[in-house]
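To start, I am sharing the structure in question, which I have written as structure tokens.
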Amino acid sequence: MRRTPSRSPRRAPRPGRVLRGVGLALLALVLAGCSGAQTMLDPQGPFAEAPDDLFKAVMVVAAVVFVFVQGLIIYTVVRYRRRSDDDELPKQVHGNTRLEIVWTVIPALILAGIAVPTVQQVFALAEEPEGAMTIEVIGHRWWWEYRYPDSGVITANELVIPVDTPIHLEMRAEEAGSADRGVLHSFWVPALAGKQDVFPGRITTLNMQADTTGRFLGQCAEYCGLSHANMRNRAEVLEQDEFDQWVAEQQAPSDVAAAFAELTPEQLEAQEVPEGVDEQVARGHYVFQSNCVACHGQISDTAVASADDFVPRTGPNLTHLLSREEFAGAIFDLYFREDPDDPNSAFTDEVDVELLTSWVRNAPSLKAMRPGDGIGMNSFESLPQDELDAVIAYLLTME
Amino acid sequence: MSDATTADATTQAAHHDEPTVRQYVEIAGALSVLTLMEFSTYFVEFGWLHIPILLTLMAIKFGLIVGFFMHLKYDTRLYTRLMVTGLVGALTLYGIAFLAIAEVPTLMGS
Amino acid sequence: MATTTAPPQARSRSVFSRPTALDGFKGYLATTDHKKIGIMYFWSVMLFFFLGGVTAWIIRAQLASAESTLVTEEVYNQAFTLHGLTMVFLVVMPLGAAFFNYLIPLQIGARDVAFPRLNAFSFWTFLFGGLFLYSSVLFNAIPNGGWFGYAPLSTQIPGDNMAFYAVGLQIVGISSLSAAVNFITTILNMRAPGMTFMRMPVFTWMTLVTNFLLLFALPIIAVALFMLNGDVVFGTQFFQPATGGDPVLWQHLFWLFGHPEVYIMILPAMGIVSEVMPTFSRKPLFGYAAMVFAGVAIGFIGFGVWAHHMFTSAVGPVARSAFGLTTMFIAVPTGIKIFNWVFTMWGGKVKFTTAMLFSVGFVSMFTIGGLSGVTHAIVPHDAQQTDTYWIVAHFHYVLFGGALFGLVSGIYYYFPKVTGKLLGEKLGKWHFWTWLLGFNLTFGPMHMSGLLGQPRRTAVLPAELGTDVALYNVLSTAGVAVLTVSASIFLFNLVTSLRSGEASGDDPWDARTLEWMTPSPTPYVNFYEIPEVTARDEFWERKYAEAEDGSLRPVPAGASQDHDPSTSPASADEHGDEFPATAGGTATVDTSGNAKASPDDVALPEDEALAKATPDDHGGDTEHIHMPDPSYWPLIMCVGLLPLGYGLTFANPALLVVGALWLMMGLFGWILEPVAEGDDDDPEPSAAAA
Amino acid sequence: MSAAVEETSLGLDNRKLAMWVFLGSEFMFFGAFITAYLMYLNTTAGGPDGEIFDIVYTSVSSFVLLMSSLTMVLAHHAHEQGDMRRMRMWILATAFQGLVFVGGQAYEFTKFFKEGLVPTASPFASSFFVLTGFHGVHVTVGIIMLLGLWSYSRVGKVKASQPLKTEIIGLYWHFVDVIWVIIFVVVYLIPWG
């Protein structure tokens, strides 16, 4: 089950990278971690800010208590240490009721002070915000799926949301298309909100809102078995108009899919090449039909009218694969980075075809999965190389 | 009252006020009647009182058994406290857990 | 009375003759001596601590760099599951039990626990439970669902991995439950005359609270584990969403046990620190009553905070608020304890032995863990913290910086009592400072990596996160290296001190409580004479009296309240090798702690057992001292748990039957075992009275 | 009582105290099973629900178990008076009634199995069988203890001077009975639907 080297050389830290990481981390230490890919100290929206304010206030109190108690300990052990020649017994004090009351009451008062805003916030955060946009979040082993009931969009790994709009997530776990199978996950984008566990057969909710555009990282935070570490998620916050454009693009079938939609069943049966479609791409379509559709669903599934039409699926919808920047539970970059050494640098326009190919050829060798139990992607080692190339060519049309 | 026991040397001083055989049988009779009453609720509808009645009968039976058959009425209070701690602990903790489970929306299908 | 007396039972009823060996390997196998059992607990813990360390190394080596491929996800998942299980159930809990065993009878002035054979049973069950859990290695089925075993994942993992989890913990739980019944009975009922509740040492108090927590928490996990066992092995539907089973039920049951478990681990350490601090400050514990009250309060509130482990689960706002509040207010009794410890040292003459250093380290480190614990009570922000390294840092500050520092302090403090030798102070100081450094280096940076977003239980550190947390992870891994060096120093110190440590004398620390009144190493009978307790710090009160000017002066040797030279500490060195042999009794005892008994002596006529001295009979050298007899049956009975356990793991009816029959046979052998005298059976007084 | 008892701090016998301590923890044990049962009352996954119970049948076996508590306490009473013959008789009667109860339960279970109520059917079925099954295991252990007590008293291992042994086993037996008093009402009689 060891990952093949095809992944590690790409991702394994080189010495330079480690040094760079150390430098960055030192910087982060100086800034008290105010920046970072997945930090909980740099909230970007009201649902993360309110708890953060409370936390930081408590941390100030805790720091005062910390300094006081540790100072008291140090003072005591230094002041009252025994000199070697000192055999005299100290005064045998058994207690002091007044002192004891003091250190019972004062902490209780401090805690009561923390308790009031805490309880207020618990209830405030549980309310569904007004005018919220509902998105369904579905945890699979081991990737996240998002469904937009208003627009019929289905996507994976990267949650795309508009800025300044409250988002209401309705979340559940699913597996192999069954709503009451699956295990617990926890959805978490620290910059936007705290985490919330996700259950099979039950709906939990989470509110979030982003005040700034940008890309925020998260990952599954409830242990969900073998590849728990490889279940990451991102939130892509866009301006409202960019978001609307994104939705429109997602709703439109891809050019190739549209071309195939023109064909009659007989033509499809005969595996004909539609007009204006590259022959290899068309071949890839038919290979996809016989090997991939069972889990990933029809390519055109994305443009559906209502939530009722959603088809439960085992693998992510691939219609607009190239509109995402990462794949396989967001553990691999679909596009090259501007700086190959910096895993957080911006993406280029160039697809990492080699990585995508090796993923399709033998996914379980790159990511720990259990395809035998219907969890995760099968290996397609037995697929002839030309068919594999055709599928890749086909996938590369899914913009 | 206790006539059969006095002669026996092994009778414990601490136990001399324990029930006699006759009392034991009477308690068993009471338990039987209570069980019969419980049983009868199966055939009679008491409306909203149904569950409270059953629980009350159950509590009385419980009290009779632990109080007399298990001698809690005559033994040291410590035993009673141990039992009550377990009983109240179970009721409280599981009760709270039950309420906490009930507070969140139920499962989707089932 | 005609039916009363059967002739004294012949020894032939038992399959085995009652073992008599008190020394050597056989002596350990059959021992019912609480001290030997405590020592066996200790060495078993050392074994499991090593294994727990190995798993820790796997975790830290993997996380030392981002996107590491050193071990696979499967191996990593097994490692952190086993690490948690080992450290909680096979290290911290039984290390506490080692101290209960060795110290409780000594601290309350008893010769043994209430049920010595049950005590041996508890130990063997713990050991077999631990070995059972680790035997999963042989079946390539190491538990891999996390120590918390959340359903439905735990029920869906293919293979027998989580069956080993369910059954292994069940066995360990049986051990703890039987020990809890035993120790509660012992502490309530076996105290020396005059030892009222408010004169009990704080360690005894904390042990009592701990065992009550065990008593009421273990049945809950037992039920949960039975259900899990059913779901994993036998196809029941408790946690299966497909048929309407609710995974949240598992969470409630697990944490209903799991949170008291935290206090089960920390309270014994608190008790030890409460013994060490007064001794080395040469002052009584500050606010004894408050300390006891706070311990009891922690025990009570500890049962009411469980859902704070579930703030991001399917738990509604009312429950979130309620459990947030209880979680906050458990900090109050904890704070009371911390201030009382500091003020125990305040105004004292603090001597920094290694034991004291570890205790001060405990107070300091535990404070950090306590403060980060309060942040979990901020429910909205707990949704950020939970399942990150912030939590990992927190509970290691509580369980390592707290529980383990306290328990190690206890090892240094009580080593002379157990062995008669000092545990090397020079190496001890090296041990302490490297331990403190390594501990903070390992777990301090985890606060930062947690706040920066590193989740727990992830086999791979993502590259994009790795840039932020790389330094902290490297530091953590380096910290484990320091801890390894430190643990090696400790082990070396332990071994060399055992072989050639400096003789300690009976009371090397000028201590305060009853256990130090006995010679070191503790003789087989504990106390040649059960002491009469008149004060809280009984031993101290016997050693020091108030002079006319109000200051304390040592009481001259031989002038203590207790005139028997054999118990007087001042003359303890002088009584030499001649402890008055018991005339016709079961055991002749010499001061090296070895009792010699000949088979002929053991089978006593029953009426002679009546000569057993009452505590107020300070008859001196004519006293019979009745010690519990050794027995093989606890060990034999425990062996039956193995077929039963494997039967439950592999759904094998034949093994289940074998196990059940074995246990029944063991039980009957246990009951039928002839009693020499003074065991947990009746001394048959009425037969003689008639 | 005995010399051993007078020596203890509380003046109580260790074994009896330990039994009570243990029973305190047993309430938590059965409480969890009952909680799970109540939680899953309506979670039958389309399979059989509580309607399947035969109240008349169960009432009879409950009554038998209840009366076994009477014979148990009579056995203890006889033992206290040193009447070992009578004590043995009542012990046998108690064990016999326990056997009737367990046998009845076994019969009831097989009947349920035939009607489709098996432990793997639904959370409701699982929690019903585990709750009543563990109670049955407790009764069985009690029967073994009673038979042990009976045979030991025959060979003189348990003497007339030791009514405490009967009392402690009795405590366990009554506890098992008391748990059934709760189960009988909560599981069988209350029409939760």
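Labels for the chains are A, B, C and D, by order of writing; each one numbers its residues from 1.
Just so we're on the same page, a residue touches a chain if its C-beta (ideal position, glycine included) is under 8 Å from a C-beta of that chain, and two chains touch if they have at least 3 such contacts.
None of these values were measured; they are calculated from a predicted model.
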Chain pair with the higher count of C-beta pairs in contact (B-D, B-C): B-D
Per Cα centroids, the chain farthest from chain B: A
Chain with minimal offset from the mean of all protein Cα atoms: C
Chain B and chain C, separation of their C-alpha mean positions in angstrom: 36
Chain centre separation (chain B, chain D; CA means) in Å: 14
Rounded Å distance, chain A centre to chain D centre (Cα mean): 52
Centre distance in Å when chain A and chain C are each reduced to the mean of their C-alpha atoms: 41
Per-residue multi-chain contacts in chain C, two or more chains: 1, 4, 188, 216, 220, 241, 243-244, 246, 248-249, 253, 314, 316, 686, 690
Shared interface positions of chain A, touching two or more other chains: 180, 201-202
Chain B: positions in contact with at least two other chains: 10, 78, 85-86, 89, 93, 97, 101, 107, 109-110
Chain A-facing residues of chain C, complex: 65-69, 72-74, 76-77, 144-146, 150, 152-153, 156-158, 241-242, 244, 246-248, 281-284, 286-290, 312-314, 316-317, 320-321, 324-325, 328-329, 331-332, 335-336, 338-340, 342-343, 345-352, 360, 363-364, 367-368, 371-372, 374-375, 377-388, 448, 451-460, 462-472, 474, 544, 551-552
In the complex with chain B, residue positions of chain D that touch it: 1, 10, 12, 17, 20-21, 23-28, 30-32, 34-35, 38-39, 43, 45, 55, 59, 62-63, 66-67, 69-70, 72-74, 77, 80-82, 160-161, 163, 167, 170-171, 174-175, 177-178, 181-182, 184-186, 189-191
Touching residues (chain side chain D, partner chain C) in the complex: 2-4, 6-10, 12, 14-15, 17-18, 21-22, 24-26, 28-29, 32-33, 36, 39-40, 43-45, 82-85, 119-123, 125-127, 129-130, 134, 144, 148, 152, 155-157, 159-162, 164
Partner chain B, residues of chain C touching it in the complex: 1, 4, 188, 216, 220, 241, 243-244, 246, 248-249, 252-253, 256, 303-304, 307, 314-316, 318-319, 686, 690
Interface residues, chain A side, partner chain C - complex: 1-3, 7-8, 11-13, 18, 20-22, 24-26, 28-29, 33, 36-41, 48, 50-52, 54-55, 58-59, 62, 65-66, 69-70, 72-73, 76-77, 80-82, 86, 88-96, 99-100, 103-104, 107-108, 111, 114-115, 118-119, 121-123, 125-126, 178, 180-184, 186, 188, 190, 193-197, 199-202, 204, 217-230, 232, 331, 342-344, 368, 370, 373
